Amino acid sequence: MGLGIDVRNRIAKRAAEEIKNGMVVNLGIGIPSLVPNHLPDHVNVMFHAENGITGMGPSPKKGEEDENLCNAGGFPVTVVAGASYCDSAISFGMIRRGRVDMTILGSLEVSENGDLANWIVPGKKVPGMGGAMELAQKAKKVIVLMNHVDKHGKPKIVKECSLPLTSARCVDLIITEMGVFVVTNDGLHLKEIFPPYSFQEIKTNTGCSFQW
Amino acid sequence: MENSYNKIITIERAMENFQDGMTIIFGGFGGIGSPPTIIDGILDKEVKELTLIGNDTGFPHIGIGKIVSEGRAAKIIASHIGSNPVAGQLMTEGKLEVEFSPQGILAERIRAGGVGLGAILSDIGMDNEMVADGKQRVIVEGKEYLVETALKGDVSIIYAKKADPYGNLIYDKSARNTNPLVAMAGNITIAEVEEIVPLGSLEPHEITTPGVFVDYIVPSKGVNWTWAWE
Amino acid sequence: MENSYNKIITIERAMENFQDGMTIIFGGFGGIGSPPTIIDGILDKEVKELTLIGNDTGFPHIGIGKIVSEGRAAKIIASHIGSNPVAGQLMTEGKLEVEFSPQGILAERIRAGGVGLGAILSDIGMDNEMVADGKQRVIVEGKEYLVETALKGDVSIIYAKKADPYGNLIYDKSARNTNPLVAMAGNITIAEVEEIVPLGSLEPHEITTPGVFVDYIVPSKGVNWTWAWE
Amino acid sequence: MGLGIDVRNRIAKRAAEEIKNGMVVNLGIGIPSLVPNHLPDHVNVMFHAENGITGMGPSPKKGEEDENLCNAGGFPVTVVAGASYCDSAISFGMIRRGRVDMTILGSLEVSENGDLANWIVPGKKVPGMGGAMELAQKAKKVIVLMNHVDKHGKPKIVKECSLPLTSARCVDLIITEMGVFVVTNDGLHLKEIFPPYSFQEIKTNTGCSFQW
């Protein structure tokens, strides 16, 4: 059960509020790619792509794609004023040195203590970790955007992840169509509830306890 | 064009450097920045049992993926193979050995080989068996790290926008990606380039890869695949 | 000039980042590419007991040498101090602790700190007690290496030719030297620059240090020393 | 007892003959800096400076010096067509990866098995190794240019170095005002004798045995 574009945009819009002036932000594929559409105009932010771009702009118009200017997912992008290119080693140097302020990514599961499992899809072959581990482990803030439940209606926010971890205790914030959770040292805190959902609906669809 | 350093060669001459069982390090990220003419040369020469080292396996018909899809590789060291289902299938069938390395650590391992270091110490994926299994651990100033060994190859194949006859290279936008690292890691480095310009016409400070690292320059016939987004 | 990222500051504001006992990593090679205005700022602020990390100690009145000559450093990690006799004298008198590292390995240690690695494994100077004493050894694929630890600093001070308001940097000729490495290794990085140009006026592929690594930009008052060859 | 400029030039000229087309060569200070003056015109060579220049040219005219374009000794240079700048890490990467074909340097002592002692001057404070160890250990060919004897008339080519080593078993060729020695696995070989010196004079002034 995927989410409609309106709901996806609502999640992306809420994530965009986390971005402060001057930040360097890495965006994963899926809902995170919608985040730039919701940034206020006065926010100066540099979007980072791990294949070596700092300062990604919006997608090009059809017919204006440049085959040598693509994001880490291989899709054409543009660059903004102040952008730079670098090699993959420096690009990940930015991440490991703590210079990437935030990564916004999707996930299969997140545990109550912030464990992230987003790289091995059940039943699929192991595709490799790509750059996910470094981003999860070293970005200063990790925000997960995802459906609250999987296609079978099962909670994706769980007590312990059943899938192999990308990185342990790395998630700071979870935003779903139902609400916003903060991961703290003493567990999950539900911070916001999105209409039309109720506290009870969130509780029913969340696989672990949380504070409110 | 002047060929004062005898580095500019045909694709046919370049192919003399390839044989069965060798290790090839390739530049590129999802096929972008991978050298299409050299890749086709390798396919045409029908070399096999290759060990490939690079960011990923491209797509089935894009970049290094073409070589993988044809079953010419015995082993690949990469950060992911997700965009090439044929690679996954060959792995499952036991026909392709795959070693996964986190993307940025893979880049640093290739760079370490390129600059003559033995290894780097990394704290990425320490608790992940796919990353950490079988690797030495070293404690530095009270913190534990994995020993991530340097990677080198018999031949490096890379793709650049411009070269001068000395092999000084400038890359195009995000097609730079792993190329400057791969350029250093080969015992022999072959650069496929879109354009060869006269010696002295590149600004010395603009050059990304010094020609010191480049043995041969091959003019590109251009990308001959259709991109995934097209 | 627009200051859309609030990185462009005065030398006075920059000096708020310096205090006694801190570790400063400096760019430059024999004074060339060292930031004269920041160095004078450090002298004027009279901070002391500094740990300095960089290629060399310059000359007595050139580059970082000015700080060393004034006795403001308690320790320096460098590849040589030969061009600054004052440094040698302070070392002999026990007033300056000096740790020597081979030049290229020092550069790699600074880079390793800058890209978030724990150490590198090197085979340089394995039999030399000044290099090898007290260092861990690790065997990789049958060959022994020294563990050369990554270096980081509280503040990095560097010198560039051009910056845009985001802190993207272009260096001038051989004044690049250690600067791009030092730029990454500081918890805070302050770039002294000859010229600040509008955002978007630097070609993205020409930028040597991405502004991501640069916290503050200080306009340079220019070199105010006489070079050794003058 | 230093050598006159004629003799220094003769040594440099002989060293220049070792440089083949296409080579990357690093030059030390002293006599090695005279080598470029003796290159045949048809030889394409790139001179490497470890502070980050590949493709150094001659010294600039007085008044045309650029303070940001200097060699590793801090003295102004120029660049040739095809030159490039790089950072210190890449510059030494070239050396350690075996891409620098030759280093031509001075020395205080060289032993019969090619040990090099050129970094600690007797009686002086320890100045640090700079880039000497990497060059000696990793350049593909190491050529030493030096006086045959020191200022006290004592041999500088010796059975075992008395001074601290820069690097063991690294020297390939020794050129002095008296002749040329090749270091091989079975010891030193005198290959050339320069007039007006005799074999006997060389034997007397050399601190170890050698083949001829």
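All chains are identified by letter, namely A, B, C and D, in their written order; residue positions are counted from 1 within each chain.
Heads up, the rule we're going with is that a contact is a pair of C-beta atoms (placed from the backbone, for glycine too) under 8 Å apart; a residue touches a chain by one contact, two chains touch by 3 or more.
Here the structure is a predicted model, which means the values were calculated and not measured.
The chain pair A-C and the chain pair C-D differ in C-beta contact count, and the higher one is C-D.
Subunit A and subunit C have Cα centroids separated by 35 Å. Once the centre of each chain is set as its mean CA position, subunit A and subunit B turn out to be 29 Å apart. Centres computed as Cα averages put subunit B at a distance of 32 Å from subunit C.
For subunit B, the set of residues touching two or more other chains reads 108, 115, 117, 123, 171-173, 176, 204-205, 208. Multi-chain contact residues of subunit A (touching two or more other chains): 79, 85-86, 89, 92-93, 95-96, 138. Taken as a graph of touching chains, this assembly has some other topology, since it is neither a line, a ring, a star nor fully connected. Touching pairs of chains, sorted by label, consist of A-B, A-C, B-C, B-D, C-D. Chain contact summary for the complex, subunit B toward subunit D: residues 4-6, 114-117, 164-166, 168, 184, 199-200, 202, 204-205, 207, 210-213.
Across the complex, subunit D meets subunit B through its residues 22, 24, 44, 46, 48, 54-55, 79, 81-86, 89-90, 92-100, 138. Touching subunit C in their complex are the following residues of subunit D: 49-53, 65-76, 79, 85-89, 91-93, 95-96, 125-131, 133-134, 137-138, 164-165, 167-168.
Interface residues of subunit B facing subunit A in the complex, by the touch rule stated above, are 29-33, 55-56, 78-83, 88-89, 91-92, 98, 100, 102-105, 107-108, 110-111, 123-125, 127-128, 130-131, 161, 171-181, 208, 223, 227-229.
Interface residues of subunit B facing subunit C in the complex, by the touch rule stated above, are 108, 112, 115, 117-123, 136, 138, 140-141, 143, 145, 147, 149-150, 170-173, 176, 204-206, 208.
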